[in-house]
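Read the structure below first, then the notes.
Chain nomenclature is as follows: A, B and C, assigned in order of appearance, with residue numbering initiated at 1 for each chain independently.
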Amino acid sequence: MSLRAALRTKRCVSGLLSQLPSCSSHVRPRAPAVLVSQQRNNSTSPKIKVDFDQSTGVAIMQMQSPPVNSLSLDFLTELCISVEKLEMDKSCRGLIITSSQPKVFSAGLDIMEMYGKSPERCGEFWKAVQEMWLKIYGSNMVTIAAINGSSPAGGCLMAMTCDYRIMADNPRYSIGLNETQLGIVAPFWFKDTMTNTVGHRTTEMALELGLLYSSSEALKIGLVDQLVPEDQVLTTATETMTKWLAIPDHARQLSKSMMRKPTIDKLTSNREADIKNFVSFITKDSIQKSLRMYLEMLKKRRG
Amino acid sequence: MSLRAALRTKRCVSGLLSQLPSCSSHVRPRAPAVLVSQQRNNSTSPKIKVDFDQSTGVAIMQMQSPPVNSLSLDFLTELCISVEKLEMDKSCRGLIITSSQPKVFSAGLDIMEMYGKSPERCGEFWKAVQEMWLKIYGSNMVTIAAINGSSPAGGCLMAMTCDYRIMADNPRYSIGLNETQLGIVAPFWFKDTMTNTVGHRTTEMALELGLLYSSSEALKIGLVDQLVPEDQVLTTATETMTKWLAIPDHARQLSKSMMRKPTIDKLTSNREADIKNFVSFITKDSIQKSLRMYLEMLKKRRG
Amino acid sequence: MSLRAALRTKRCVSGLLSQLPSCSSHVRPRAPAVLVSQQRNNSTSPKIKVDFDQSTGVAIMQMQSPPVNSLSLDFLTELCISVEKLEMDKSCRGLIITSSQPKVFSAGLDIMEMYGKSPERCGEFWKAVQEMWLKIYGSNMVTIAAINGSSPAGGCLMAMTCDYRIMADNPRYSIGLNETQLGIVAPFWFKDTMTNTVGHRTTEMALELGLLYSSSEALKIGLVDQLVPEDQVLTTATETMTKWLAIPDHARQLSKSMMRKPTIDKLTSNREADIKNFVSFITKDSIQKSLRMYLEMLKKRRG
């Protein structure tokens, strides 16, 4: 059994989420859950479940990759194909993204896609992360994140990429771009997306410290738009969608594009350079060593 | 009697302002009053009244084009001439813009300037809208909007173009760029002005949904700076002006220019393209059809 | 005794801070303390005191140039040398900037460096102001401003240039870029720094009016991050530093650079033009006359 295979069976996000002692509300490096991976017992079953209601024009996309919907290459590929299908179906006007896993929306990028992998494979993975962001951030559909659990790092990015964010009102759930805590750096388009959502200063401090925010803190800084009791997240998303769909599609889409196009163009015109940059960063000995230590810590913790 | 003439005598903003059922505070497509027009019984009487007090250096500009100060080509031309005169008068240092019409500041662009008109005329109209924005947003005078009534769409733009906004504390009055609700799209410089005022995320949601905000909501998001009882709007504007005029003009003007010049330059260097873009959009069959349906709905409602 | 020498012995900031009548909270031109100078009785003693604790990796920099830590060429030169030394010392990871003077953090640029000076000298001075900003805003160290007193103009700039701002909770202390009140204009990189900190609209109004904010107002708009009782400013800064230093340096530095580099690049690529611009502005007869009148007013007031 390879190290990698051994690690696979050991990791889960619940350990991550309580790993660091909590700090003051200003500087709270709580949970470096940026990079996770997960048991892949069910690698052949679909990681994404889509229910499209033709009568309302709304699709509900459930992320169902146990235990924590980590964003692996397989997961992202499946997600992108699903979004693209809906995007091309003119009868689909709204997309709600949520999780079928308990306590977590998505725990972010899969660490195993970055540890001990060839540069080619790392590049392929990063291209899929870009693709996910491009597809959702630029979608013509109304996109609502029904955040029914924690959503660190790549999970936070996915949520921010939607038009509207409804989060479960649970102080145990956190959300944020916490990459910095693991010694890695959010790329410029993660940064741009967050700046567009919560402004420059909040983003600066969030990224410097890799901050994770509780649901109520996230509401306060505008990282999410609304908190509701956990069992009402999906129904509220559906009700909100109805209101958004009352707006003429064409004008809404043009307005959205006007707001987001400059940010999208920055990545599309620098996509190859961004991949190169990621690959050269993540394959550095020092970074691989950090990832190995992190994985070993997780292993020991659950050993 | 032409359709247009028939419509002219029928439309008024009060109907518009209660047209859609109100929704939640998050998504509230209340009043698609973006495009209005008005009875022109008094087309030869001045639409703009200016009182300039030489002793204080402050001019009060009353918009008095019944019923709702809609921004027609005539109205905008008169307004621009008035502003330019004051701008060139070195003794005029401050400008307060308000409405003499009950319950409305300005109801925005006149729909009749966009419906069934030649491309040339549409272009002429749009140039006047640009001119109004350029003149006020770049004014060397201190400009204060005394918002004593509702101020949708172009009315909101005019208010945002000033240095400071005082609004009547009346929950029935609303303000916002609600173009999207009518199927049309705020141009990039409307968007830039709003982003400069309330930030990127608030603007994104406001434009996607065509949101109108009540006066207290507008204060909360920073769309207006101050609420006062309705009968104190003008006196508060006058008092505030005195404080602004205590600041050395030259330094204030340079500071203002430093903040606004990049946004102004974006339009001045794209003015012709922006006109072409508007004309090609507004003369589309689908858009003209939307406008006709809208006008017919108004006609029926008051028939 | 030259006019300049005479003035030197007369000026102090306490007079400045109560010079204008206070106004409403919206427009409050309280203290035009943008330009100060100070007695230089102890011109040979160090203006900057640095205590570097090798065991924690944290340096505390005390500004100790009586009476008000005004930013003279000598002061800035000494400060820049100190920061550079710490920056090059790999064992120094954090820098806390505070004042050893009572009631004032720093009162900003020294007026005597701008009045009656040769263009060459003015240029040299301005270059030092730029250098201070470049060194701190781009520092790889964690920088925390422990603002234990008023901090107008250049003092506010210095505070904004840090990663985190803790201010004494004292309503008598104010902070802000109040240059406009004296008839001078904050340069574009002061403006950019403020926009990055509190957003576009707040900056626009702050600069147009030269606003100074009380400590609680400053917290509300995000100009400072935290208020604590005056005697706990430094200890809180030290505790906060510990939390920031728990974050991996490299990732934090890269995140910081990603947020600040575009703003820094704007100045570095326009540095000479910015100096020329300042020199040509400050040596104008009208500006020199303003400064002379201001100095004479101070002189009379304390005569």
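In this text, a residue touches a chain if its C-beta (ideal position, glycine included) is under 8 Å from a C-beta of that chain, and two chains touch if they have at least 3 such contacts.
Everything numeric in this text was worked out from a predicted model, so none of it was measured.
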(request) Mind checking subunit A against subunit C and telling me if their interface is mostly the same residue numbers on each side, over half, or mostly different? (result) different
(message) If I superpose subunit A onto subunit B using their CA atoms, what angle of rotation comes out, to the nearest 5 degrees?
(response) 120
(request) Could you tell me the distance, in whole angstrom, between the mean C-alpha positions of subunit A and subunit C? (result) 40
(request) Return the residues of subunit A touching two or more other chains; collapse runs of consecutive numbers into ranges. (result) 199
(message) Per the contact definition, I'd like the list of subunit A residues that touch subunit B in the complex.
(response) 163-164, 195-199, 222, 225-226, 240, 243-244, 246-248, 250-252, 254-256, 258-260
(request) Would you pull the subunit B residues touching subunit A in the complex into a rising list? (result) 23-24, 26-27, 29, 179-186, 188, 191, 199-201, 203-205, 207-210, 290
